Amino acid sequence: MRPLDLLWLVPALPIAGAALNGLICLFWPKAGKATATLIGVGFPGVSMLVALAAIWQYLHGTNPAPFEQTLWSWTTGTFSIPIAFLLDPLSTVMLFIVTFVGFWIHVYSAGYMSHEPGYRRYFAYLNLFMGAMLLLILGNNFLVMFVGWEGVGLCSYLLIGFYFDQSFPPQAGRKAFIVNRIGDFAFLVGMFALAAKYGTLTYSKIFPVVVSAPEALKEHYALGLSFAGFVALCFFIGAMGKSAQIPLYVWLPDAMAGPTPVSALIHAATMVTAGVYMVVRSNAIYQLAPEIGTFVAVIGAFTAILAASIGLVQNDIKKVLAYSTVSQLGYMFLAAGLGAYTAAVFHLGTHAFFKALLFLGSGSVIHAMGGEQDMRKMGNLRKFMPITFWTFALGTAAIAGVPGFAGFFSKDEILHNTAATGHWGLFAIGLFTAGLTAFYMVRAVAMTFFGKFRGTHEQEHHLHESPWVMSVPLLVLAVGAVSSGWVGIPELLGGGNSFHHFLSPVIAQFPEHAIEHPEMAASTEWLLLIASVVAGLIGIGYAFMLYGRGEMGGAVWAKRFPAVYRVLDRKYWVDEIYDRLIIKPLGSFSRFLWKGFDDTIVDGSVRALAWVTETSAQGGRLSTTGNVRHYALYFFLGVLGLFWWILRS
Amino acid sequence: MNAHDLASLTPEIILAGGGVLLLLLEALLPSLRRAFTGIALVVVAAAVWGFQSVPSGASNLGALDWNGPVRAFAFAVLLSTGICLLASQGYLRREKILSGEYHALLLWSACGALLLLRATELLTIFLALELLSICLYALAAYHRRIAIGTEAAIKYFLMGAFVSAFVLLGIALLYGETGSTRLDQIGAAFALSEKFPIIPSLGLALVLAGFAFKMSLVPFHAWSPDTYQGAPSPFVAFLSVAPKVASAMVFIRLLQVAVANPEMIGRWSGIVAFLSVASMIVGNLLALVQRDIKRMLAYSGIAHMGYLLLALVVPGANSIGPVAVYLLSYVLMTSGAFAVVTLLYARAGEQHQISELSGLGFRYPLLGGCLAIFMLSLGGIPPTFGFFGKYVVFMNAVTDGRWGLAIVGVLASLVGVFYYLRIVYTLYMKPESRLAAETSSGLLIDGWGRAAAILAAVGILAFGVWPTRLLEWVLGSPWAP
Amino acid sequence: MTTFLDLLLGDTLTRLVFLPAAACLPLLLLPKGNAKVAKFYALLVSLLELGLGIAYVAARWVPGGGFPLLRDVAQGSGVGNPPGLPWIGAYGIRYDLAIDGISMPLALLTLLLLPIVFLVSWKGIEKHWRSFTAAFLLLTTGILGALFAYDLFVFYMFWEVMLIPMYLIIGIWGGERRVYAAVKFFLFTMAGSLLMLVAILWLAFTYKSLAGVWSFAYQDLLRLDLPLTTQCWLFAAFALAFAIKVPMFPVHTWLPDAHVEAPTGGSVILAGILLKLGTYGFLRFALPLFPQASVKAQPWLVGLALIGILYGALVAWVQVDMKKLVAYSSIAHLGFVMLGLLAFDLVAWQGALLQMVNHGISTGALFMLVGMLYDRRHTKKFDEFGGLAAVIPIFSFWLVFSTLASVGLPALNGFAGEFLILLGSYRTLPWATVAATFGVVLAAVYLLKMLYLTLWGPLTKEENKSLKDLSWREMFALLPLGVLMLWIGIAPGTFLAPSRPALESLLGDFHARVAETAPDEPTLRALAPILIAKPNPAAETATSQDGEGR
Amino acid sequence: MSLPNSVPVSWFLVLAALLFAIGVAGALTRRNGIGIFLSIELMLNAANVALVGYSRLLGERTGQIMVLFVMAVAAAEAAVGLGLFIAVYRQRRTIDVNRLNLMRW
Amino acid sequence: METAIFLIFAALALGSALMVVTHKSPVYATMSLVVTLFSLAVMFVLLGAPFIGALQVLVYAGAIVVLFLFVLMLLNISKEEHQQEGQTVHRWVALLGAGAFVGLVVPLLYRATQPRNAGALTEQFVSIREFARDLFTRYLLQFEIVGLLLLVAVVAATVVARKPPAAPSGAPGADSPVSEVEP
């Protein structure tokens, strides 16, 4: 049996693991942790091995065509949707990232969560997440993607709310789920539109038709948009929710309420990038809707800078990373919106490594600090936990765009594409954001690992390097953070940009209007490259200047521009605005609907009818006076009435 | 009077003779009192058996009539008599007023009702009406210890006598203007009349009003709640149905006469429609607010007569069947309901508050269940006979193109459902009241009474699921007015 | 000639319908005080009935194809051999039961829920177990009869028969305001159905005047081609009856009251089946009988369905009573079904039918869970809960699972139905579908709120700290529903296939009739092809045996 | 024997109508139960006049026979009715119908 | 001559009838009824029904009215109580109704029979023998019914007028005043 034929096992194994652990957790709560680990880490591990084998076979297969595997038909009849998987270059990349990074995070979790109650439950959720994420990326149609899409949303909900006995984490989970659902709503509408037009949701049946008859998608459809535009917009709104873009990014910072490995896996490496994956997957449609593409890019850019600016002032180490994630996702959409799909996926990949690494590192720190997340209480940790420090530093270098590290190549390709397509404004934003990114990351490193230790004595006493189950994943991911960019070294730097070529079959080629491959003068390219490096270096340098000696150098700025500081510190009051403008009014409106309308008017009119009936009856019964003379009179008047009726001409 | 005529009178003779027999027994063998119910039942059964020997068609010089629907009506009357007798035994014993006069009067009134519904001649109609009425006045006052009983009787009597005078005047006008007292001849005169026959129509209206009074149609209805409330409960099982059944037949006969002249169909339809709608609305509305179950049933009876008239708005050969079916169902459920009321209320002279039934459904499962069935049937909810009764009259209204009336009917019956349900929920959903627990000791629930309830309930359910034969028989019977 | 008794004793729908009613008789013989005997008897009968139902369906299942239209008596005895047994000859009413792919899933769901109801009521119902059992058995007879009836008069009979047991169930075993709720339920339903009765009478009479003979048979009345105005009036009467049952805005207010007061078992059946009969009525009767009127009324009804979805969701969101929240959620969910039905699209209809089943399963499960909580704490108010997940994890798992099914999470049943409905209705009603899709968001909002307020957060109430987790009995009750939720979610195709031919032919006929213009005078069409039934093998054998006997 | 015939029958009928109306007015306005009953007797007699009048007009005897029966009926009614008055009076010490209203509404 | 007799006795009948309905004392009212009945007996004779006229005097005025008087004496109801307040509306409606009745019916009756004059009286019409023959042949059934009716009336009268039997010991509600129905 070929490994490719076992592709279905890749998502099935983690799901089976989840089911197993879940059942044991419910019905045999006293079972030991060893089985939990064995199942919880073992199943994704085997899944990863199967995946790697499948990828290996796919890459070295004689037939380079995408591989499809149909399991069963979800619906039959006029509208048939199969449950089927697809392995093509794009899903290969995603599959690798998800299984590989995912597996190592599982390993890490075995250490990180070892003292937590609900250990087994944690693995059940995490495995379920792996399964759903794999469905999302492996599905050969939008329905399977959506199944995974919502599945990861569910797991995100469960894992954010993992500490369900506190009040904030479940709320954060709920927020994540609902905000995601808003996006899903649009995603669904987009799917309906596609299905109504093409009668199918399978990629291989839609995109070729799109490519062969693009004109059909350009006719006006709705909302002043073409069909392609409408679908693209819908999908992008879906992506906004999942990938935390303006205006739906608000859930991601709150999502840090979950355990740190969860943040690493879900809210950095994999789930949040699903939106990017979807946009790239649907690139055929996006290419036909350039106006939506620009919109995507603008949203991405603004998200990037907005999140980065908030990240500048965060003191919670995970919050810094969370805003950083939002910001980096903005980069990816910037690229995807401008048609640089491979660049987006490239950054997605590198980001998965270095951001997972950073999160795991921060987890290691938090683990050592006994749950403390405030960087103001840390400092000088490099002495106590060198592996963590060094790997974290490598991750920082990667995200800050230090040349040679992974982030450098991917971010540079995005900026390059931005400039090349002539979007200089967006380029400027991207560049500035790169500087900010470098600044806040180095700030975090400095506050955490340099200077003096600012925590309590007791904490200091407990500081220790993490056990090997946690540090090995750090090391593995650090290797990735350093080297994953090397698959896409641009031609300018002598690389073959092999990643771009690998992915190109996924990018739809329209015969009439092929994507203009931006050509720039080499000198300009160099200039841009240097600019981005400089921006990064400035950020790094300035951060070290302010925070390097373990002082809160940023306070100077906060004092100088209190208003700006306040705006950033309160995250532009976006949560508050949503609360005031949407949630509260909607709540009041609903209460009005219930008490003021449903009870009073709808049900009230029913009761009023009953009241009128009853009252008229109460009045009417007075006619039966008990006096027989009155009865006789009624009779007589009745007779006269009959007479009148008969005699009336 | 020949053998034919005599044979035609078999049921009446049996009933009247039975009454005399009971009277004699009361005088001669009062120790047999406990057996009177049985004897009377045998008499009633014999009268039903006597139906066979009644030759079809007219008899007694065209004064009486007999055919399928009439037979159904007569059966309905005797059915209610039977149920009334069954329910009476326990009551009379409990109240210590058991005597043969009661049974005799009841049989005579049944005889009167039978004559009334068979009569096709005005003089016979009047006399049968009086025979029936006088028995009813006496029976209403039968429990003389209770103040409301005599009050009920006096109200009924005064109203009845007052109305009799109108009927008589109407008869005089009809007779005088058409020269005959036989309905068929009057109808022929109507049909021949080239002009609009005004004075006979007024006479007809007077007679019709009289029978509308007996049927307690609005606005001639006001006596019935008071009378039902005061009269002995088991007797109301008869009072609330038998006179209505008999009067309904007369009503139909009169309508047949009235519409003999095509010019008048519209007017009489209007009258019947008005009576129907008024009865449905007023009956249901006022029943809604009653606290006394007997008054409630009285108003419900008013409403039911309203439904009944739906089939008569366009009187024709096909109206009689639905009316007969409806009346049979009405007999079963109303008589049955009063039978249960008799058994479940201990204090004859007081109000029969609905609330006293609280929780009794579980204390007396059989009677409670029967009462619930009667209520659901009265509400017209399948699978009960009451539903079929409603169905056939509504169907008739729709067939006549009067679906506006049918809609009024269903809406009115919706109000009806509310108060019938009140009984059901009082029986089953309210906690048993202390009062009920105390007074239940005064109850006398005998086998006869149970039999009455079971008979009616089984009939309702049986005809509710299998009305086939009955409908075929009643609807398929030939009918000549 | 087949008689009713033959049917009752044979492997027929009649037996399925009347077995529960017949099973009430032995109840009278059971000892009065002993609830345990009654409980086991109830369970036994319901399981037997379920077994018979499954056997009936399984024996006639055509693998891979649709479920055929089967009649108890395919050919009767009268002139022209109409199907069914003669019942009330005077009005041409025939006792005619039939099953097809549309009624089959709902019937099976009914049979499945019945033992579950008894299981969940095991402890919660403390008094009058015999009556309780009888009420549910009679209710089952009514429901199955209404589902199988192919004669409109018979349908109406069964339709009303359902009312009384449900009224008693709410009124006797319900909560504090049970009487109010029960009466309200009864009157609302009755109000609609009485007008429907008039409409049915009108139809039959029109048929009589055209064809010369009385008939209430579905296949006969379907042949009526009525003028548009007439259709509209009659449709209004039917639609009102069914809309009240569904319930659609603005005739929904009986539902929250009824649910809040009903005992758990009552709520399960009410939400699980009774509401479906409203939508079933639309699908089976209101739409096919009056196609042009349906098309004319479509915008209005779609509007009401949308209001139901959004309004139900918003109102559910602010509830403080757990059961009321679930009740309002039913309004929203049934709104989806109505939208699907009104799309007049095959996929949407398939989805709607599936969603009827789904809602029965997932909302039924939710009501059961609320009931289990109520059994333990005797309250349904959110204030009293919070953090329960720490104490009763198995309960929490089920609540989360059922809630997610209700939310419409993919791979669970709710999604399959909603997705197909929206997918199908998007073709004909795009904007309405977009609005309805937004209801999916709101579903998450209010249902997750429910989870949050009950399961998550700190455990503050002292009384909750010693709650017992689900017993085996309760888990057994939930298990089949859980399995179905997952199964339908993962492979809805299995559940869609049986009903497809029936829906297809119904829809085909519908569209064919809509394409024609309504006549000025009532006319009679040729027999619609959709209603030609295959003979029921079992009934046929019964007939032949009977024939030999003579 | 031949009797003169100078008074038109319609006069008698008018007399009957007037008497009937007076009876109705009395029945509706009197409070004493026996008074009401007296008025009803008036009404019956009015009807009798009409019957006999019509009988004369038609030259047919049914009307007269009817009057004979009506008298019997009136007697019967009177017997029962007056018995009822006695029964009521025994309990209530009044036969004023305004006061016989234990049952109402 | 007949006209004069008619007018006189008609006036007498109407006048005494008015007395019946208006006189405060029931006894006087009853006595007035006797006058009315006598006047009507004269009318019957005028109409060629002397037998009926005789019966009117014998049965009606003789037996029935005496029964009335007897009961009135027995109950010792000398005069009516004063009209209560609030009954005036009822009274006026009743009177108006009666007036309307007269207004509707009298002209109709007067006009309707005007052209048709009764034929001459015949021996046969007046004959009591013929009357009896009719009574016992054509109207035998009705006669039997009346017989039953009278029997019933006797039984009924005894049933209602008899003293009530003693209440069963301890039974509630016997002879006790009945609670009023609250509105």
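Labels A, B, C, D and E are assigned to the chains in the order they are written; within every chain, residues are numbered from 1.
To be clear about the criterion, contacts are C-beta pairs under 8 Å (C-beta built on N, C-alpha and C of every residue); 3 or more make two chains touch, one makes a residue touch a chain.
Computed from a predicted structure; not experimentally measured.
The interface with the greater count of contacting C-beta pairs, when A-E is set against B-C, is B-C. Averaging Cα coordinates per chain and for the whole protein, the chain whose average falls nearest the overall one is C. The mean-CA centres of chain C and chain D are about 65 angstrom from one another, to the nearest whole unit. In whole angstrom, the spacing between the mean C-alpha positions of chain C and chain E is 67. One inter-chain figure worth recording: chain A and chain D are separated by 98 Å, centre to centre, where each centre is the mean of the chain's CA atoms. One finds 78 Å separating the Cα centroids of chain A and chain B. Residue positions of chain D with contacts to 2 or more other chains are 13, 16, 20, 23-24, 27-31, 36-37, 48, 53, 57, 62, 65, 69, 73, 76-77, 80, 84-85, 87, 91, 95, 97-98, 100, 102-105. Not a single residue position of chain C touches two or more of the other chains.
Among the residues of chain A, those in touch with two or more other chains are 621-622, 624, 626, 628-630, 632-633, 636-637, 643, 647.
In this structure, the chains touch in the following pairs: A-B, A-C, A-D, A-E, B-C, B-D, B-E, D-E.
Residues 123, 126-127, 130, 134, 137-138, 141, 144, 147-148, 150-155, 157-158, 161-162, 164-166, 168-169, 171-173, 175-177, 179-181, 225-226, 229-230, 295 of chain B are the ones that touch chain D when the two sit in their complex. Contact residues of chain C toward chain A in the complex are 184, 249-250, 252-253, 311, 314-315, 317-319, 346-347, 350, 387, 389-390, 393-394, 397, 404, 409-411, 415-416, 419-420, 422-424, 426-427, 430, 433-434, 437-438, 440-441, 444-445, 448-449, 451-452, 455-459, 490-493, 496-497, 500. Residues 24, 27-31, 36, 97-98, 100-105 of chain D are the ones that touch chain A when the two sit in their complex.
Residue ranges on chain B touching chain C, taken from their complex, read 362, 376, 381-383, 387, 391, 394-395, 398-399, 403, 406-407, 410-411, 413-414, 417-418, 421-422, 424-425, 428-430, 467-468, 471-472, 475-476. Listing the residues of chain A that touch chain E in their complex gives 621-622, 629-630, 633, 636-637, 640, 643-644, 647.
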